[in-house]
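Chain naming follows the written order as A, B, C and D, and within any one chain the residues start at number 1.
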């Protein structure tokens, strides 16, 4: 981060340096930068990325194939897999390469392990042209994140998602403050704690549960401790509360989306919805 | 069941036989029946049970103590505990007997393992008079169930709870038919499948999830498979659905209560409440 | 009502009497009964009605036209219109007859005034064949109600709708008993009180709000007096309640449908849905 | 507005000018300013107002009575009443003055006509000491608003409420954009349109429905045109929609409160709650 280049410096750089910058993003393909250099200056980071991708997409078929071939396949990038899953993924990735002649590219920062396994399985059987287009789309995602990591300047393209929550107490007609909650990532093997928070006086968490990066697609769960919250406010003389820890299980499908998971609760009812 | 006596036969029985019947319910205390016999005929099963309990409660202190002492303590009755929990319960039950001079009685058909452990812990420190009253209440619960098991006739006292559910699809404005759901009992060790059902055209299960016996107090979870239901009806082109399996976790506190757990859902929201 | 014929008697009646019965339903067209008589005996009221309608539908074009022409047009049947609306309806009905050569038939027991005005306006421009089919469908509705009014027997065809309600208090986790509510029919001119009720201990009305006849399509409103209900239970020290009288406005589109309007409420929130 | 004094200028003003400023707020009572002047400088507008009110409250009983007597009574201030209501209010205000010996003060910018009539009726019978305290509280509200109108500077005391709304479409899982809505003030005579808006892409109105001033306590209604919104998105082949214009009726009790009225809707259901 400390060594990020400025957009202005890139716009003013000699063509050779601009090409070297592009090569760093595009798996060594300096020609992407050579061809995009003439379109400078780029007013925004988004325009810079679009300019580079336009050069990559307009290349001759053989160049495009070589570009795709320069990126590491998904099996080399995916993290968080069990040994069995990693082995299965390696087999699928090899089969993909054998069938299509280029590596199976997926921007693994945007998807959870299960979604990656499902995506590779689905794409294995796709028609070659569609797969070449898919590979270029994934290169777009990969290089966008690399670019934002290396360059600073105005007009960044959207590359981060957000997960937030809000708890309302409609028993008392106010935000539910002081509710402990935990966010988990779910997969077949079980669940993994990502965040533990407590709601503030507005019933929200001080910062979003997830933000500043793409959301990894997959299944999640938030556990809300409504029991202690209402126990402290409503003396109902009940040994076993109707609602105690309330689990809310949901899926994330848009890595750059905003997922607002609202919970509106009383001791006897609750409503969950994807809000905004 | 096949050998159940009729209320009419009990009303007409010689006093000795009626006393023997009472002895069977009241841990050998034939005197309960001897004293209640004069109040016959009882018009209903509820009145029969109340007559017997009135005789038991009106007894001299020493008799009452002897009656309580005749029932097996909770450690001998509780089922579904781990070895560790059983050992802890045995220790608590022994401490209770040492402190109060009579066994800790709990009608274990009305409570789950965790609720029993919590109840014994809470009652261990209670004042002796309150505990004697609590023991008589539990004898009332225990003998009510025994009586209903052995006698048939009109006017049975309420001794069964009911757990039902209803799934509504407010995306389409109709009952959600064909939704698979599973009911689990929860405890610290995990969860245990009790029932697996599918909703009928009215969005309900053909029979209640639980009925015909007291509900065991404790925590439960129903998993509703909304994902397949909406996937088949709404083509949203979504790889990872927002709502797929929806877990609803709730507590049961009234063994003879009616718990109706309603779920009103769309692909993006749901409402849960204790209905009627 | 007292003079209703039995299905058995109709099945056994001489052909002439059966034809007279049909003539009474079908605006004097005894031939409908003459042709349907041979299909007797009919096992159910629904089969009887279907048999008569089959004879009517299978008639030669000129006969069918004559049959349609024998029914009074909608302008003669519609009730509850203002003078202006009645005049407009009469003009539309005359235009319809001029265009199609037969009266505009609508079973007015199944639709409210606004829905009738809208339907005539929509049908005025319809193609003649579609209008002839529509007229026969309306004759089906009209004669079904007449038949049920005059004949008793098993297997009545569905000819009644139902409007019911249910109020749940999720502040306390129980049905909301003693809530006053009022049902109004809405139209452009204002609203008309149809029913005033109070919820029973189960949070429902003792009888459905509407039942035993087709529901008239149109717009309705129920006012629920939540304010007094919660004021008596929750002392919030509030001069002006957040929720006091809660209006729920809804449309009925299916005359033979079941509309269950559920209200789940706290002093600070409520949920309305079409239930089942 | 253009002629607002700065807090700094007031802090630096000669005592005579500061007293004149206070006299303008406090119905001619320059002594309030004379006594508060020594506490200058005030760091915030809130502290200035508190300083003035402290001087007013600490005055001798006769001075306090004279101060209260200098303000016009509620009958002279209330607006938006029918002739009948104004006459009734004048009678009540005269009775109040006869009973308590000072005018009935209410900051009419904070309450709607019905709430004012109810408040005067309730206060007429109050004990004199409580009424003197109530009068001083109302002087606090009246002078706070006058002060904010005449002085600019940091740290303004809260003197404005806010009414906002948000419409979510849980049929599609997104904010409901383009929904027309209308806000009305309700009273016994009927309703009066205050605002007509349309939701923006986030399902909210661009500016709050009410803000920048106290909310007048009373009853309100928002009509949301859900019918056209869903009609354009969901082709259900329905002549009379279940939900068309949805009225939400609610009360405002806290003039400086934030009322967020959320509507979460499908074509078949909706949830309303006071959010945050």
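Everything that follows uses one rule, which is that contacts are C-beta pairs under 8 Å (C-beta built on N, C-alpha and C of every residue); 3 or more make two chains touch, one makes a residue touch a chain.
In this text the structure is predicted, and so the values were computed from the model without any measurement.
Least step count on the touch graph, subunit A to subunit C: 1. As for how the two copies subunit C and subunit D face one another, over half of their interface residue numbers coincide.
Between B-D and A-B, more C-beta contact pairs are found at A-B.
Our note on geometry: subunit B versus subunit C, Cα centroid distance of 46 Å, whole angstroms.
A straight line joining the Cα centres of subunit A and subunit B is 47 Å long. With centres taken as mean Cα positions, subunit D sits 53 Å from subunit B. Each of the following residues of subunit C touches two or more other chains: 170, 173, 242, 264, 268-269, 271, 273-274.
Contact residues on subunit D toward subunit B in their complex (touch as defined above): 170-173, 242, 264, 266-269, 271.
In the complex of the two chains, the subunit C residues touching subunit D come out as 115, 118-119, 217-219, 238-247, 249-253, 268-274. Those residues of subunit B whose C-beta lies close enough to touch subunit C in the complex are 166, 168, 170, 173-175, 202-203, 264, 271, 273-276.
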